[in-house]
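What follows is a set of structures for review.
Next come two complexes built around subunit A: one with subunit B, the other with subunit C.
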Partner chain A sequence: MNQISHLTLPEFKIVTPSTLREALSILDTNNTRSKLLAGGTDLLVDLRNRTINPNIIIDLKNIPELNELKQKGDIFVIGAAVPIADILKSKEVRKNFHSLYTALNEMCDEILRFRATIGGNLGTASPAADTAGPLLIHRARIIVASKKISREIPIQEFFIGVKQNCLMPNEIITAIHIPISTENEKSVFLKLKRNSEDLALIGVSAINYNSQTKLAFTAVAPIPILVDITAYISGNKRPNEEKFKEIWKLVKNAISPINDLRASREYRLHMTEILTRKALKEVLQK
Partner chain B sequence: MIVNESESLIINVNNIEHKISVKPNETLLDVLRLKLGIKSVKAACWSGDCGICTVLIDGKPMKSCLVLSHEIRNKSIMTVEGLLEDELFQKLQNSFVKNGAIQCGFCTSAFLLVGYYLIKNKRNLDLLSIKKGINGIICRCTGYKQIIDSIYELK
Partner chain C sequence: MGKYVGESIIRKDALEKVNGTATYAFDIDNIPNLLIGKFLTSPYAHAHIRSIDISKAEKINGVVAIVTGKDWPVRIGLYAGDRDILAVDKVVWAGQPVVAISAESYEIAEKALEQIQIEYEPLPAIIDPVKAKLSNDILVHEKLGEYEHSPAFNPIPGTNIANHFKLRKGNIEKGFKESDKIIENTFTMPQVAHAYLEPIVAIGHYKRDGKIEIWSSAQSPFTVRYLMGITFAIPTSNVTVHAPYLGGGFGGKAGLNYEPLAVLLSKNSNYRPVKLQLTREENFRSAPIRVGMVAKIKTGVKDNGRIIAEEIEYIWDSGACADYAVNVGRAGGYVSIGPYEIDNIKSDSYTLYTNKPYATAFRGFGHMELHWAIERQRDIIAKNLGMDPIALRKINTLKAGKSYTANQHRLRKDAGNVDECLEKVWNDLKTHFKGKIGDKPWLFRGIGVSCFMKGPAQPPNSASSAYVKFNEDGGIFVSVGTSEMGQGTITSLAQIAAEELSIPIEKVYIKGERDTDRDAYTWQTVGSRSLFMDGNAVRNACIDAKHQIFEIASQVLHTPPYDLVLENESIYPKGEPWKNLNLVDVIMGYMFTSGEAIGGPIMGHGTYIAKMTMLDAETGAGNPAIFETFGSQGVEVEINVLTGEIKIKRLISAFDIGKAINPQLCESQILGGSIMALSLGLNEKLQYDEKGHLLNPNFVDYVLTRADDLPDEFEFFLVENPQLDAPFGARGIGELTMLGVPAAIGNAIANAINVEIYDTPITSERIWYEIKKQRPELLKLKEEFLQED
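After this line comes the complex of A and B, so read on.
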């Protein structure tokens, strides 16, 4: 629950680099005292609540590499600082990554989507991050740079704990790379929430491509979870009840929903099962 | 490299340039209300939930409590004060009055700005896209239907 206790923000300095090099070098020398800023829809709330207290804020929005949105061969590149409202305008995203498009289109609210970014969603690494499930099933790679090296992190290695990711303090996410499938790919994202701008109580993503079927779950474990159920599916067909029970057993072992003020563990488990059934129905054939 | 302690910024609000000294930790909301005295911009949650602090930045609606003042360098800010002479905006104001879309009025500026944005920028504006468009603003008096109708009338 948001409980704002300060009307002002704590004091800090702000840096607005216009190149990635400059940003990385400032971050490298100040990495324990600085925070990166994209859309600020998480960062400013954290600042106001004094859950963070940086000396320097590095505004990433003017860096060209972080603002790319384009197809490069069989990969689609989404710059880490591209506002979600702009990603939603991309025909390629809409056509190729249905579950991601749906998640983005329901995230926050239409006004906040002019500011919020995928880089920021991954930076916060909330267990309920709406982009996480779709990025997991679409086999995204997180492109990360530091002053000395760049690296690519497969999304399934990215989240390591509640609001924790595997970034080093001197690293910046520059882009998200998602392979464009040539196969007939079907994906879906389903989100259970209490009202229109709420965080997910449960997020279920599913994909079927190239005879592989995968599920991803958010808000029901400390980190977003990917479950490969290819072995339980034959001929791209929906599982029968017996097979579904086996799939559900696998899923239930992988997730660990909690009781909190927004929903009970039992309710979350019950609804995860229902949404899993629904998601499989949508991506598999009768 | 720019590291600002407290710096003079030139910001364009309602087509007027202001040179003001701002500290990095001041938000756009702080600058508008406290430095420039623009009180049509309200605040209630200071955390992105209520949308009452919405202004147009380069024509797009954004919640000013979540924008740092230094981010608006070279951008133009519009509040309802800057649109008073605009014909479309006046029509929207009249539509709000006619439809009874204003109760206490606390949320009205924010809804007018978003309504104005929607009418100007969305083709085939239907009721659903208006509902989605205003979804980030809360009206405590809960007169949403009248607000939606007022915008729909001008699409």
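After this line comes the complex of A and C, so read on.
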């Protein structure tokens, strides 16, 4: 194949359903030849590079069911197609999910945040997905729907490989449900970047709630990784150096950072350790 | 002096750039019968072309022409003809255009490119310039000996050396023998991209009558015109080049780039015009980039700090074609040691061919790279001697009237003063510096400075011209040849005209678009030369116009021309302003009450030509530049030793520019240039795999500094020691604004944590890596980090 840098996009049909039902029915009949548009920040690049060649693009941005942003009892609902810029305006998100708020606030750049969505971020299932770590530690559930049924997927079951998730071809992510903790919950998201508007070279999230402590890692393994370290922490206190070494051993075994043009494996490992230290510092007491 | 000169006049191009009406080559699509051009490139860094099959592609409806290298096998190039318009027998870099198509639309062109089949026989490629210098078996250009080249350069057939420049002074062996200490280091800077906002655009129209018309994002429309005449074997005068506003150039659009291909396509497309517009990826892979550098420096120094010997080898990685890179090697050669005076010098500057994208001019023209090496070396010497790096510099800096290059040439007496710049920067840094330890034990702060010099690297006969033409309302139209690519020169030139003719700046009209048929000639828009060269030409044109005005006015006022004054749009005899004549009554010819008229429309013309000499081939002796701008830059940095992260807290600059014609434009150049240098110093690098494929042809992985990465504080000083043959004393500043930044950062890091950095980009990962190597004990602080409050 000749390497061509395209100026054009391939030919495709774009449909803009105004209800979820309509979207699911179009997807059901075209699922092998269609692609979902939830922001397009990856989709457009893939189209231009001809790495995908869909007949139909289903634009999900105008579906009201996918644009909810509200509290329902002890659950917070974020519609899959709500632009990041709008989520950032939510006082509840800022108050209850500090790590998620930070991740969204650091995602891509200000202009792209008007288009990008959590549904798109998760759907693409990049190992570096910025929202994945915070959603893992916040015990989020992913609500998906198909023409026939809808189901809930715990986020730790969602990712199955590099850019692969467990969605069926006829399913759409409709919303993310995050439990609002009544406990004193502290969470943090840290990201290693090459400049102030970079994708993640490493993402480290941490949470402490109800005497449980969990870490999540993105961009250092084929899928986002959740590591429960509750057993190593006592009384919501920072581990001593000896305990930390045990935690780090556990983490090191769970992750497998790569060598590439963005950073060496060695530096990624080192920085994962430093960011893990920093994350624990922020969610635990001295 | 100074109703307009010295004032921060609003840019002449401000309004149309802000409201979006300014036209760039990218915008031009209203030429009748315009076709789209697109090319297919080599996937191999080095390979023979076995066959090209275009049979399927040419059958596609809407494809107008398909051309290959054999259709016009003329080798092009600025100083050496080493570049095929389309690869002829072999490809020499991955990304080199091999086949080009003209079509009715992009869709058709792209579809047709998919149908072309090229068979290659891959050859071993040479990627590392140091290996390229030693290689006699892998040659990028076997036929180097047959290529035509400018006599100023010295390619060595049978090698990969595109140019070897020698600088010799004194006796190097004796110098080292008399030295108390000898310090040797190697420094590198990688190839980088210009990263201008507007990718390269070339519209070519080869007309039935044999004339050529071009619209191009070209910094040097007159050079494009000249070389196009040669390339297509037609008189220069049969070529017209239009250069609209440029969306940034930085040297990347200084030479001849895609104009020949656009014209070749047009020639084969039944004389229809063809537009070639590169995508960002194409621009990374197929358009020229900046040289990489490897510098080996050996310095001999006395215990008192006097540097008495310096031996240098510069290797400039030019990629597959030499383009401006031979001249970068030459300029880097004669400025080898930076702004210093050293009695014994042996410097060899080699421009090397490798199988990578070809290198051209880049803002700084090798000087940022060489000052990275020289100025790091100066601080390392000072550390070795236990001396203050400022004191060490002051002992050795080049002073007015002293010799530089080789013995024969002395720095002019009205040259700038590097010590004054250094003092301003250092005093400011020192006054604000609060100490080495930051808020936390793992945060360290440091300050560092560097000095530098640069003049325009141009041929000794480089010339500029200008004309000023009066209009009925007393306004003037100023025509110059220099391109407007964001630097703001046209505004400064307008100020020079307004000052010289004493007319309101609002009445001075000057365009940013160039047209080689109608505009005054200039050699090129490069090397921070325009304000000096074109500025002198504009001033001379205004003086000429004034003579013509006085000639007419003297007959009306019955006063000899030499006793007349032109001020505020009126002419009067010296000391008698009430006996005045309105300028507007003279400029189109003066009519007496009787109806009899004298004179005629006023049009002044002026020229300026460089005052330089050829350089001696064996020693480099001679006068290489019309001026040298001196400067100094410094930074305060904060380093997190646990992560290698670096924050630039303050960035301070000082330049001896003779005279700030427009201080605000100087400020924007300083901000723009120092941010660009910050980005180059900290982030930028073209990354290749071992086969020579570019791995980061996009702005995701070609990392640029973004708004949030900028320093907390910028400060700058404009030193004004005027140069007597400059327009109002002014020297160029454009490129100077970036030259010292990387070295100042390297020196500040050493000052903060006593870790030496030898290579750029100075990424967090590099700093961490060097800490681990040089001061591993610092990383122990991570334990304290976990437990601290």
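The definition used in the following text is that the second predicted complex is superposed on the first by the 282 of 286 C-alpha atoms of A that agree within 3 Å, B and C clash if a C-alpha of one lies under 4 Å from a C-alpha of the other, contacts with A are read in each partner's own complex, and residues count from 1 in each chain.
In this section, a contact is a pair of C-beta atoms (placed from the backbone, for glycine too) under 8 Å apart; a residue touches a chain by one contact, two chains touch by 3 or more.
Quick caveat: nothing in here was measured; it's all calculated off a predicted structure.
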Touching partner for A:267 - first (subunit B), second (subunit C), both, neither: second
Which superposed partner A:8 touches (first subunit B, second subunit C, both, neither): both
Which superposed partner A:22 touches (first subunit B, second subunit C, both, neither): first
First, second, both or neither for A:244, with subunit B first and subunit C second: second
Touching partner for A:277 - first (subunit B), second (subunit C), both, neither: second
Residues of subunit A that lie at the interface with subunit B and also at the interface with subunit C: 2, 4, 7-8, 109, 196-197
Residues of subunit C that touch subunit A when the two form their complex: 38, 40-41, 43, 106-107, 110, 113-114, 116, 118, 277, 279-282, 285, 642-643, 683, 687, 695-696, 700-701, 703-709, 763-765, 768-769, 782-783, 785-789
Residues of subunit B touching subunit A in the complex: 1-5, 23-27, 30, 45-49, 51, 54, 60-63, 65-68, 70-71, 73, 114, 132-133, 135-137
For the subunit A and subunit B complex, residues of the former touching the latter: 2, 4, 7-17, 22, 26, 37, 39-41, 44-45, 47-48, 56-57, 59, 61, 85, 108-112, 114-115, 196-197
Complex contact set, residues of subunit A against subunit C: 1-8, 109, 194-199, 238-241, 244, 261-264, 267, 270-271, 273-274, 277-278, 280-281, 286
